[in-house]
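Think of it as A, B, C and D in the order they're written, each chain with its own count starting at 1.
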Amino acid sequence: MLVGGLLVVVAGLMAFFPSLGDSDTTVDWISIPLVGFPIIISAILLAFASQESRSRKEILAAPIRLFTLCASLIPLAISTALFFDWLIMVDWDLMYNEYALQKEYLWIESIGVSWHVGMDGLSFPMVWLTTFLVPVTIIMTWNEKDGATYHPLLLMMGGALIGVFVALDLFLFYVFWELTLIPMFFLILKWGGKDRRYAAQKFFIYTFCASVIMLLGLITLYFLQPEGNGSQYGTVTGRTFDMTVLFSNASAYNMGDNVFLGKDMQYVLFAMLMIGFLVKLPAVPFHTWLPDAHVQAPTGGSMLLAGVMLKMGAYGMLRIPIAIFPDALIFYQDIIMAIGLISLVWGAVVCLGQTNLKRMVAYSSVSHMGVILLGIASMQPIGYAAALFMMFAHGIISPMLFAVCGAFKHHYHSMEIGSMRGMARWSPFLAVYMMFAWMASLGLPLLAGFVAELMVLIAYWPEYGWWILLPGFVLAITAAYYLWSMQRTIFEGGDEGQPPESLNGETPPDITLSENIGMIILAIFTVIFGIFPFIALGMMDEWTVAFFEGVFKKGGI
Amino acid sequence: MSESGIIDYAVLIPLLPMLAFPVILFLGKMFNGTPTWVKNVKEGGIIALTVMGASLLLALLVIKEHMHHVGTANIFTWFESSWWNPETGAITTKVFGVGVYIDHLTVMLLFVAAFLCFLINIFSIGYMNTDPINDNRNHRFYAEFVLFCSGMLGMVLADSFLWLFIFWELMGLCSYLLIGFYYERPSAAYAAKKAFLTTRVGDVFLVIGLIMLWNLFQPYAGTQGALSYAVVFDPANIAKVNPGDLQIALGMMFIGAVGKSAQFPLHVWLPDAMEGPTPVSALIHAATMVNAGLYLVARMFPFFSGAELGALSTLAIVIACIGGITAVMAALIAFVQMDLKKVLAYSTMSQLAYIFTGLGSALWFANNGYEELAAFAMGASLFHLFNHAMAKGMLFMASGSVIHEMHHAHHEVAHHGHDDDHGDDHDDHHDDHFDAQSMENMGGLASRMPITATAMFFGSMSIIGIPLIGGFWSKEGIISSAWQVARKEPVFLLPAMLVLIGAGMTGFYMSRMWFMTFAGKPKTEVAEKVHEQTAWIPIPLVILTFMTLGAFILAGMHAGHWLGDFNNGHYSNFFDGIGYELEHVFMNHDMFLFILTYVAIGLSLILGPSLAMSLYGGSLDDGQKAKPWMQWAISLSAKVNSKSNFDNSAWANSSLSESLHKRLHFDDIYDAAMLKIVVGFANLSAIFDSKVIDGVIKTIESTSQEVSRRVRSLTTGSARDYIMMATLGTLVIFMLLWGVA
Amino acid sequence: MIDPAWVSGLAAILFIIGLWGAFSRKNAIVVLMCIELMLNAVNLQFVAAASHWGDVTGWVYAVFAIAIAAGEVAIGLAIFLSMYGQHETISLDEVNLLKN
Amino acid sequence: METEVFSTEFWQAFAPEMVLVVGLVLLFIIPNLGEAKFRVPLTKVRIPWLFGGRRFKSTGSPALPGMLGTATLFVALGMMVIETIDGGLSTTTVTSGDVTLLQIDAFSRFFEIIFLAAILMASMASLDRVPAHTFKGNKSLEEMYDNRRQADLYILMLTTALGMCMVALSQDLFVLFVGLELASLATYILVAFHKESKAGAESGVKYFIVGSVASGIGLYGLSLLYLEFGSLQLSTLSANWADGSILATIALGLVLVGFGFKVSAAPFHFAAPDAYAGANSPIAGVLATASKAMGMIGLIRILLVIALPDTGTDGSAIWIYTLATLSVVTMTWGNIAALGSTNPKRMLAYSSVAHAGYMMAALTAVGAWHWGHVEAPADYAEAIVAAILFHLFVLVAFKLGAFLVLGLLEMEGGASRLSALSGLARRDPLIGTSMFIFMLALAGVPPLAGFMSKFLVIASIVSTSVGDQWVNGSISFSDLHWVWWLALAMFINSAISVFYYLRIGVVMFLDIPEEGRRKPLPYGASIRMAIWICLVATIILGLSADTLIDMCYRAAESLKLA
């Protein structure tokens, strides 16, 4: 606790530090406390821990783990405080292209790159989600082996992920976008399952390839914008990577006779950016990296991967291409809808054919991410808000799904559905959590996942009418695969139960205390956001309204 | 719209049980097995009972206040979201609120739900806590039970279709949990999954229907976003929407109701649902939850009365037909069931089908401008809902009582049969295959279980529609309504005919059940040992017996009319009322209805029961004496049986009987469709996914390695080749340069 | 005086012969000689061009080129020697441990 | 400022290069100092001659040449860096008569810094990689052999440095070539320095033969150019290029081959993997960075300074298709070949081929400078050159760094199999992590220097393809110049490259160290220091690239392309 207190002081000091010598005297609550602090702390811890010998590492694991947990609580405290206005009054009721807690420091002046951060209704829920998930993940995977390096990596992952969400500069955005790959790569590589080598490389290369295409799109876009003067503009290139400038330029030129870019140019760039985001999302047919990565990844990695990393794709879509190329969105609307539908249906159907629990859950993520695409294709604020809330809700539910899978793997040494029966007998807690998570994921009302699905379907009908039968079919299939998997794990087994062969006749234990704590936190928040969705949805709704006012309404499409 | 008063507290009715859910679960986990917890709190039963009592009390207060006027209350804004009109560019914020809406429909169902839940709770304390198989997990039962009650109560109180659906789903979850209560039994696990999935299929359509409805009413809803009744029941709004679309939307919603109320073709889950703790979960599925579908259809009434004349009548006909088909089909299957609870389950399906037919008639009338007839049909249907719920609740509890005591008796018998130690008898109790639920093992229980037998007796009579008792009043109304429609709309002849036939069939299978169980000689040694033990079980039975018998009072108070239109009949004199009713039923001025009534009575009172008596009747053991109100029936049955004991083996061995035993093959077909087609397709998809979609990636990888190998093999290691390549490169450069120059 | 064009032509022929020899002969020494031939073609060309332009710089270039060629021979022979020491052959085809 | 050769200003301006010369001379002299005495003829008077004979213990120490060479390089580099950062850099031209020989400007100084930095790192690494032995007792002969060997190594390094500097400075193509030959001849020997091993000798032979042929071709091209224009002065050639005949085009092609070998462009790259595999890793690192930069100077001089159409003309450079083809083939070949390579050194060699392709793609974009509707101002070309310079500079950080790590592994016996790297991160986390960071930088993962360089290269290509068309309002996709597709090709290639870079990381972090490599790595203070310098530079130049970008722009401006 002393350590924790010390860290709070340090973080507070650091929050003020960048503002020294800046004419803007407001405190920077983002750069250091939310982004820099976790990354730096974890980098120090990693550098420190990796030098130690194996035996020393084991001794050091406990204090480092505790330290990491304390450190990860600080961003959570700050983001929560920012939401409830405990630290300062933050006006979350923002117009389009306005951001709270904006801060900008020049970085690479020659090409117009700045460290520009800020949050709005789109990014803040994701930031909070990340800050929330990191400590939960740490608690959940408290007993992971090699904790001296494992938990700092989780912390680093969190910092990088927050960086993606707060970046208001395309360059910065891309930097964090790629930075997230590295801790995840190591998490899979060092703590993964049997095929971790293949999975880690596939994960890295697949998403890297896609984001490289995205980068080309960004660079082309960069040079296609009008030159300007100002601190954000590059001294050499005369262009800027600043998103806010891009957005205001785009919305100034868009949708009228005075076209920002030629239509086909918009289409090409939109497609290039979308490829990067669709792979990250992931949408069928670019999804095959995900099951491999998930199945091999350690629990904590999976939780963050599914909880936040996938949402980077959705976030990116909403943040960049749609805001800049609304014409292209309308052009691609049906294609996006089709991809969304295919992801939704295909993910669910393949789920039903899986025998590996984690693989099934991974495919269910694919399916759920399709919902986001449907929301985007719906062209309704409610659809967009649904996409946002889906990101958020799935960000709480899917970590729980993977936490359950992880605990299952941990205690039963098996991932096969049907390798055992009657889990409820030995592991009642795990059975309850599993059932809870499964139910939350299949969209049971009053749990977080339902609202988003409902809203998406509402927005979906006026545009696409009877195609709604496919999502409907998926609702049933989702129930089918979840229930079927529960029937073959939690239930049955007779009075004696059938423990899996992988245990060699030992009595399976119930989950550990830390797992219990981690899961109960996730469960509680799933319920909270299911019953009181307005906590998060209010902000999201305001954002969508501002977005539609700012982007679509101008041209009156 | 909001008003203050007791309605502000109406929200507590579902909220209290909902809050009790985690409390019981948590306390149960904490104190599991401690003496106080087991003895005094009854493993959570007392907590649940307290909460349900409070809910019932509140519900009664609310009912008293809102017997004759609609009440609404907003609770909180669930969330807000915005809608963009692409034509105008206007962005409207839609408020998805939560609120309470109370009218006569709500009042009736609120009473049914709260009252029955309370009684069931009492019953379960008697039933669950005395069965050793439930030791240490009753808290789970009570937790799930209160959550279930919360769902039911919330559903009837909700002020919008959205929240109706939410609680609807909550109930679905709880039914899943309760059916799968004995998780270790594969059959229970299977049944739980089946129930959830089947209702889920219906729910999908319900959601789609709701979304269509949402979009239909969205332009007129202003800032209202939650499909609130205030918006969708506004006749001005209904008049504006396209009736064709509205019909489709309502049809979709009806499919949801079909799933929940176990109607053809989504009926397959209900018989399996009897895998739940006997008989409580079964009771829930029979007496309360299945009413949700009926409630939903009844809620659609304003659309039918508000929409363009005749525009929605197709849907009304479909509803009635589904009802009619299910009524006969379920009754047929019930003919051959040996399991006590299964008979009741099929009976439930059949009776619900009656109500659907009645509702269909009511909706047809409403849509075609016959307001009075519509109100009458509606009232009859809802009154039947009420009667059926009471009677069926009682029947299930009684059957539970029978099974419970059979268990105990078997336990004793088996125990005395063995000489070895006492500790293990719990285990061997499961090893032999004595079926405590099979009527083949019962018989002659009327004297041994007098209260139960009485309850069963009157319950059955109510279901059959024996004149003046319970369901009679409403059933006659349904049948006559259906025929009334049929006179105007020939297509309606089908459901009308079916319900009429069904009346006779009901008479048969209900009587069959009662006589097989309670009349005749005990068929096994176990049945001889049966006797009533716990005090908790008879209480609800007695209460419900009086409720059933007292239905004629309600009828006299024009409950049927009140249910059809709550401005009706509430201050009429009871004796005038009962006279009016009797006159209308037995001496109808309309010749057609007059004949119909007597045909129906004849079928259900004479034909069905006498057939059952002739097959299954018989007197009790010597020295055993049933209570006088049942003794005459037993004696009669013995007489009929001995007079005309005809051989029904030809029928029993027929292929129809065979397929009835197989439940008309619906389960087989669905299972096959699920396992062969859907799962087969899924497995193929999974293979396709890993072999083709991922295969492309893997092929790229392996191909690139191969290409790399080939490219590298060009680096031969000989300096001469390198020079040669450089020279060739030079030539290529020349060619390219020349190409431009 | 000979027309520089002829000399250039001769230089070109020499160069092509040298290049051809460089990749057609196996013996390292012969290859080295071929390289020398190429460099000599260069020298010739420089000298011819110098006389064409009447510019003394070309001669200087030629002198430097000769020096470079000399350096190359020295180094080349030394390297070949060490190769012979290790591989005991001066056939370029037989020295192919490093490949792919 | 113009100055004659050997004038006072000349000495001042060329002080860093002179340091190299002095160092070189000292390296010749000092090891040979000994007790030799010169007997005055016909007398018995012996005058101490100090040259030859039994060497002094102090001057004959095998460790001395290494220190001397490294110190020389360090001093020279320091002088250049200080001069550049001070802003005291003024353009100094050395003329002899009407011939401009050398010119010091931001461009040449920038390259000199690259060369010296790379060679300095290599020489620091060589202190450990080719260690000087200590001899106890009376083993003066062995000691002298070792000393000779050490002196040779550093003399060759300094010679390479000097030759490269000359390439950077020259304003006359022939001078450039002489410098190139000087550096090349020295590197041939450096590659073959391991004459005791089969691989060393073989790689030397191959590198030598192919290199000689390539430079022969290049020289022939020069002679043709001389025949066409009567001068090899850059200024003359540039001014008269537009009037050139077909002969000039042929000459251009031939010269391209000469430099193409140096940058290891396909199909002239074949000797490079063999040479890298056979040479010491630090030397291979020099080849992959400094030597490549040297070739790049040649390409920039010949393509951008000489053979670029003048402003105001309509049409792109004559070589644009040639170079586009070469660049795409080069980068694809390099990456595809590296994909399956199991020898880390060969893999790095192929990756270096791919990097040459990237830079050539950028050069291609300059050729589109005046193409049709793409009316790009001169700073577009400068941006491209600046990006190339940046790339060359940061290559020194991470490519050389990677080679140095391999050098560290070679110290315990060979690094020619991927398995040599296995478990490196466990044996030495810091070195393993450094190697992984180098790999990520090579792959172009932000925020490392490798990302910035690739980013700048691509950005400059894209910027040229876009031109300043914004003024025209709505741009459609077909308005982009086709060089945009080169950027796409680059991206696809960098995506491919991730695969093999990542494999190194996987091997280091996942695999178990092979037999005989279970012990900790050898220590090697100076090679580790060099690695760390590279590591820091890789990270710093990625995070705050602004200073370096400015430097690159100043260097590019001094080319005066417009």
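To be clear about the criterion, a contact is a pair of C-beta atoms (placed from the backbone, for glycine too) under 8 Å apart; a residue touches a chain by one contact, two chains touch by 3 or more.
Because the structure is predicted, anything quoted here is derived from the model rather than measured.
Which chain would you call central, comparing Cα centres to the global Cα centre?
A
Which chain's mean C-alpha position is the greatest distance from chain C's?
It is B.
Between C-D and B-D, which chain pair shares more contacting C-beta pairs?
Result of the comparison of C-D and B-D: C-D.
When the C-alpha atoms of chain C and chain D are each averaged to a single point, how far apart are the two points in Å?
Computed from C-alpha means, the inter-chain centre distance equals 25 Å.
Counting only Cα atoms for the centres, state how far chain A is from chain C in Å.
For chain A versus chain C, the centre distance works out to 64 Å.
I'd like to verify one number: the distance from the centre of chain B to the centre of chain D, where each centre is the average of its C-alpha atoms, in whole angstrom.
Result: the chain centres lie 81 Å from each other.
Please report how many Å separate the Cα centroid of chain B from that of chain C, as a whole number.
So the centre of chain B lies 98 Å away from the centre of chain C.
Enumerate the residues of chain C that touch no fewer than two other chains.
Where chain C meets two or more other chains at a single residue, that happens at 19, 22, 31, 92, 95-100.
Using the touch rule from the top of the page, what residues of chain D touch 2 or more other chains?
205-206, 209, 213, 217, 273-274, 341, 499
Name the residues of chain A that each touch 2 or more other chains.
In chain A, no residue touches two or more other chains.
Would you mind giving me the full set of chain pairs in touch?
Here the touching chain pairs work out to A-B, A-D, B-C, B-D, C-D.
What residues on chain A touch chain D, complex-wise?
Contact set of chain A toward chain D: 50-51, 107-111, 174-175, 178-179, 181-182, 185-186, 189-190, 196-197, 200-201, 204-205, 208-209, 212-213, 215-216, 219-220, 222-227, 236-237, 258-265, 267-268.
Spell out the residues on chain C that touch chain D in their complex, using ranges where they run on.
Chain C residues touching chain D: 4, 8, 11, 15, 18-19, 22, 28, 31-32, 35, 38-39, 41-42, 45-46, 48-50, 52-53, 55, 57-58, 61, 64-65, 68, 71-72, 75-76, 78-80, 82-83, 85-87, 92, 95-100.
Mind pulling up the chain A residues that touch chain B in the complex?
By the definition above, chain A touches chain B via 202, 206, 284-285, 287-289, 292, 346, 349-354, 379-382, 385-386, 422, 424-425, 439, 444-446, 450-451, 454-455, 457-458, 460-462, 468-469, 472-473, 475-477, 479-481, 483-484, 486-487, 490-495, 497, 533-534, 537-538, 541, 544-545, 548-549, 552-553, 556-557.
Mind listing the chain B positions that touch chain C in their complex?
Counting only chain B, the residues touching chain C are 712-713, 715-721, 723-724, 727.
Would you mind writing out the residues of chain C in touch with chain B in their complex?
Listed in rising order, the residues of chain C that touch chain B are 19, 22-26, 31, 92-93, 95-100.
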